[in-house]
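There are two complexes below, and they share chain A, which is joined by chain B in the first and by chain C in the second.
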Partner chain A sequence: MVEIIGATRLHPLQAGHSSALSVSVTLAENATRLSLRAREDAIPAISKALGLSLPTKPKTSTSEGTRSALWLGPDEWLIIDTADSSVVADIAKAKVLHSAVDISHRNIGILVSGKGADAVVNGGCPQDLSLAVFPVGAASRTVLGKIEIVLWRLAENEFRVECWRSFSNYAYAFLQESARDVAV
Partner chain B sequence: MAQSTHSGSNRIAGIGRLVPAKTVRFTFDGQNLTGLEGDTLASALLANGIHLVGRSFKYHRPRGILSAGSEEPNALVDIERDKSRKQPNVRATVQEIYDGLKAKSQNRWPSLTFDIGAINDVFSPMLPAGFYYKTFMWPKFAWKTIYEPKIRAAAGLGVVPGEPDTDRYSNRFAHCDVLVIGAGAAGLAAALSAASTGLQVILCDEQPEVGGALRYENDVQIDGISGYEWAVAAYAKLREMKNVRVLTRTTAFGYYAQNFVGLVERLSDHLSRPAAEMPRERLWQVRASKVVLATGAIERHMVFANNDRPGIMLASAARLFLNQYGVAVGRKVGVYTANDSAYAAAIDLKRAGIDVPVIVDTRNNPSSAIIDEARSLGIEVLTGHAVYSAGGKRRISSVSIKPNEGGIERKITVDALIMSAGWTPSVHLFSQSRGKVAWDADNERFLPGTYAQNCVSVGACNGTDNLQSALDEAIAAGGGQAGTIVATGGTNWIAGMIGSAPGAGADTTVKAFVDFQNDVTAKDVRLAVREGMHSIEHIKRFTTNGMATDQGKTSNLHGLAIAAEALDKPIPSVGLTTFRAPFTPVTFGAIVNHARHDLFDPTRRTPMHAWHEAQGAPFEDVGQWKRAWYYPQAGEDMHAAVNRECVAVRNQAGIFDASTLGKIEVVGPDSAKFLELLYTNPWEKLGVGRCRYGIMLREDGFIYDDGVVGRLAEDRFHVTTTTGGAPRVMHHMEDYLQTEFPHLNVWLTSTTEQWAVIAVQGPKAREIISPLVEGIDLSNEAMPHMSVREGKICGVPTRLFRMSFTGEAGYEINVPADYGKAVWEAVYEQGKPFGLTPYGTETMHVLRAEKGYIIVGQDTDGTVTPQDAGLTWAIGKNKTDYVGIRGLLRRDLVSDGRKQLVGLKTVDPKIVLEEGAQIVANPNQPVPMTMIGHVTSSYWSENCGRSIALALVIDGTKRLGERLYVPMPNGVIEVEVTGMVFFDEKGERLNG
Partner chain C sequence: MLLIKCPYCEEERPELEFRNAGEAHLVRNSSIIEQSDEDFASYLYFRQNPKGLQFERWRHIHGCGRFFNAVRDSVSDKFLTVYKAGEPKPELDALLSANASQEVASVKKRAPRTKKAEL
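Entry: the complex of A and B
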């Protein structure tokens, strides 16, 4: 994404995790993120430009390599590329009506993993996280305690929580607190 | 009768399920006592022969233990682990004992056995229901100062803890196909049935173990084993199943819309030394496709004179104390009943070796096998008789018995009396679900009638009186085949009687308690009717019947029946009050759960927060944001620091963290068209790379927000909003886009947090940043005031705005947020030789006021138009449409007499006005004076060498030069009305 010459990146979260708990709450690596808005007729061209087919069903995501698209609404996706990628340049190739806004630094990713990760998230998120309803790959904009998050299930026992950067201290502390409960 | 004195003299060896060797030590009012593991505080006290456990709410009458469950109205105690972990009003029948438990009685002084407040009982004729509505009417002042404090001190429950609670509380959201509430026979059967079909099941019960009534119904056989053994086996089986979660010590307290049920799980209240990590309680917020209510029934007491004496309790409670805990509630136990179920308790006690001198049955000629059985055991059964009164004060000593119709009184010595007026189905949760109850006239009870949600009641709470029928309907509710579980025996949950018993009727003045916890007698209910209350809702509030923390679990039906009799109306037409959540009291801790300390509310910090902190800046709360307020140097107070910062910005340069400003990226070919509609200003002709200050109105024409908007491309704008306005402006724009202008090809994305914003303002600003910037020509010609460029700073991408909220030439450097701190530090280092000074929000406020720049929400209050604020120039003259354009044409918005924003200069330049101070034209007029305006912003301006202020004043712009007055407690301040700009009136410095 961007070259770093004179300035180094500083995340709001620099904490580690307690190994005593069955579920770990850790900071995700830097990622490139786009807020993508487009109408239905633009989906094929954008999918082609991004190299992955945009999901069109609620609470779903698609992935290709390091790049994923999370369905947030009928005309809205969160694109996450966990590698330092050309996603901004790629989307520019789509010559159809759309809006792509770089939000790489707006969001922070937090990983919740380990047995009971679903219960840790359910400490503050009211969604049904059973595998039948929220399977691996499911994604949804939802709430955690008092903040808005995007929740994405990476594996049966692993979730990625995306929130705005100034809420990340809250999200991290909340998930840690919830993890203490699940460890008991 | 064999006795074990080790854990109490009333513990009977060989009876009950507790292990005699597992003793537990605890104290009650300082007295050292021993109980057994698994005891409740109530069973352990009774085992030690203690019946007197509290004093009543109003009359301070001695009270004992009425029940063995969560319906307990009397036995409320204070449990204290330490000063911060102290809980008043704990029901002794629910609290399990643990080693070291400290329990104290409540509402008594100086001691439980000698309580001064008991004088209220003597004067009780002066304290009838509703006495405080009538007695303490005058003098008026005395209610607040004398009557209310005294009454509150005399009447009451426990004392709230004085220190913050140090326990942890947790929360869990859960979903299931079937939520079964209550793990008695019916609940277990329903859970087994539902679980066997593979459904996700949650089963909860408020007790520490499952079984419900099976814990004391020792005559029940299910599938060839005792009911209790069957329950234990069912529990084990359910716990093994992956699709079932069984929660014991878990109360379903609230039933809300769409099968949303609140449960509270008590995790550590029964433990001697709970692990530090363990939450005390966990709130479960469950969404269930289907709810099965298996909440059972609650036994009612008999309403007769002095029925509140310690030692008088429900028959089923005595049976549970005996069969579960091995505790006899007395040595000579009388029985008073209006139905069959008390006979089973009498028989169990008799068989355990307890003397049962008499069963008094109000029914005239009852006949059933169980009555014959009682007689055959040698118990005297007096049918058609009633207990007219109980003797004894701190413990029942006798019962006075007469035939129902009156006649010769017979006194029998007892040390306990167990009673049953019949059973009230627990329809609380059903009622909370907004289901409508139906009156079962034959059995005098309310039963679930019309359901409002996907919910089914099974067993005793549904009025299903026979165990086999209850199991069959429970299995069916779970989706299984009826008849697969076979049972015999069990209680017949039939009604018995409601209302006052013989001897406590309308012609009597005895104290026959209906509601123990609020000290409401049958007489009080009748008084309410005589006072003109005809609806149960009024009667309830007048007498407070059913309004205590037990919500009238034992009293509601009695109260209703007595009122109906007094009104001579059928019960259903007097009505039944609606049950509300919570079923039993819930701690604040459980409701608040994680939301304490740092998690009470998110605290938002900018990417440069740590830098400000290291500089010792205090922070100002702006919404959830923390903003650096000022940067004091050694020895400086706020005033000195702000003065220094203000001067430095105007003479050299200042650096300011503006990251919290709201930012919205507006993208799409119709973006300019959309902004035309949302702002008063014109946008179509704004060139790429240029910025404009915009004003946003509501439909009514009043200012909603403002901010600078930069055009990055033909189809891309970078909109800024006020810090506090960011979310609502986003919603306002999205709302109009989706509902009014859906034809526009525009999308909105919040980028507030994508960008860290570093404002560098002052004559040296360009010199400071230029060595760090790549790819942007910063010259005045190439990048004039109000322009935006994209390029790099310190090697990272930037959106560089040339704009100003200080009146100085300056820049707002936007960089991706993670780089914010590094770029800030680089700019600061670069600027230090030039005198670059960090400044906070206070200095920002002063500098903008010197220039007459408004702050929406401070100088405007939702009733200010652009014209009122001196911003007519910001309205596009040729525009035909935008939000608020019609509002601005309203007559009252264009006529004279509106408050307009002006400057104020105090005649004495040293006086700084108070913000919010009122302004008058003539200070000599009589009070109340005619107020013509108020001060909105006021500061000391070091740059002007005087105080400055902005004010909203009626017809302010016509008053320029006029003298006005600000009356204050210490005298009147004279001011002169001026224009809003106090510094660099021509605005030349912006272009420097």
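Entry: the complex of A and C
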């Protein structure tokens, strides 16, 4: 018979409510997000319209004030800014060929911060998150458990996880569960 | 888990981010109306699926989203090389000899360790 005397019983809905966790999993503020597709020759004009230079190296991001651009693919970026941002109006000024889709409400941001945040994300993300390979500012589309996410390292111990809103329950519960495991 | 190099992301990424997309270097005939049904069927349906080295398309679907080509050994699952879509087929002989010399070098490096284990 299995010994259950030493096991602590946890309520399934209690995942993230322990105060002893070293890593906090919190919801990010609402934001304006753009899915941007453009060819190489359009990059300078778009960068000028946005007021920040689009990153062209894989797995990198650039920021200017509250506005950030994350490299997702050779011709694809995710632009994130505050909820009251004028980013949509700004990019409309770029007269070069590009596609910019407002996906502010499609994505949900989750902040994972605290000592061991990388281990919490690694609970479901197979990428190497050591500082040498995934430095501060690095951003990449990847997987978390069963879903696709965009992962962005804001600081040594802080990550932003962007997922689609219908996946957000799963992602939030997954990260809280993972945070509890890391705390143990 | 396999680590697969993506030529667009320029680094090795875990296998979970990728999806196989079948045989590479299939070219659709520019005038299929002149093509026989057999030829078109062989383009559309019939695949080589050899045991050993094969040219494959892969997609970094949960990463940069790009299709690229790879040379993979279907027996050992080893990727010999990856290259961007649209680039010509690499020479197999050159790849194999480069790969063999790499393996010899890695065996040479490993040699001292086995000696220590014996002691």
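Criterion: the second predicted complex is superposed on the first by the 165 of 184 C-alpha atoms of A that agree within 3 Å, B and C clash if a C-alpha of one lies under 4 Å from a C-alpha of the other, contacts with A are read in each partner's own complex, and residues count from 1 in each chain.
To be clear about the criterion, contacts are C-beta pairs under 8 Å (C-beta built on N, C-alpha and C of every residue); 3 or more make two chains touch, one makes a residue touch a chain.
Quick caveat, the model's predicted, so the values are computed rather than measured.
More residues of chain A lie in touch with B than with the remaining chain of the pair chain B and chain C.
Within the superposed three-chain model, A:I103 lies in touch with chain B and out of touch with chain C [touch as defined at top]. Residue contacts after overlaying the shared chain place A:F174 against chain B, while chain C stays out of touching range.
Of the two partner chains placed by superposition, only chain B is touched by A:K146; chain C is not. Once the two complexes are laid over each other on the shared chain, residue contacts for A:A119 go to chain B alone; chain C is not touched. In the overlay built on the shared chain, the residue A:Q127 is in contact with chain B and with chain C. After overlaying the two complexes on the shared chain, residue contacts for A:R165 are found with chain B alone; chain C is out of touch.
Shared interface residues of chain A (contacting chain B in one complex, chain C in the other): 126-127, 133. Against chain C, in their complex, chain A makes its touches with residues 58-59, 72-74, 76, 126-127, 133, 140-143, 148.
Residues 2-12, 30, 35, 37, 75, 97, 99-107, 119, 122-128, 130, 133, 145-147, 164-167, 169-170, 173-174, 177-178, 180-181, 183-184 of chain A are the ones that touch chain B when the two sit in their complex.
In the complex of the two chains, the chain C residues touching chain A come out as 1, 8-11, 13-14, 16-17, 62-66. Chain B makes touch with chain A in their complex at residues 168, 170-175, 200, 267, 275, 277-279, 282, 285, 287, 594-595, 598-599, 601-607, 624-625, 665, 667-669, 745, 747, 749-755, 772, 794-797, 815-823, 826.
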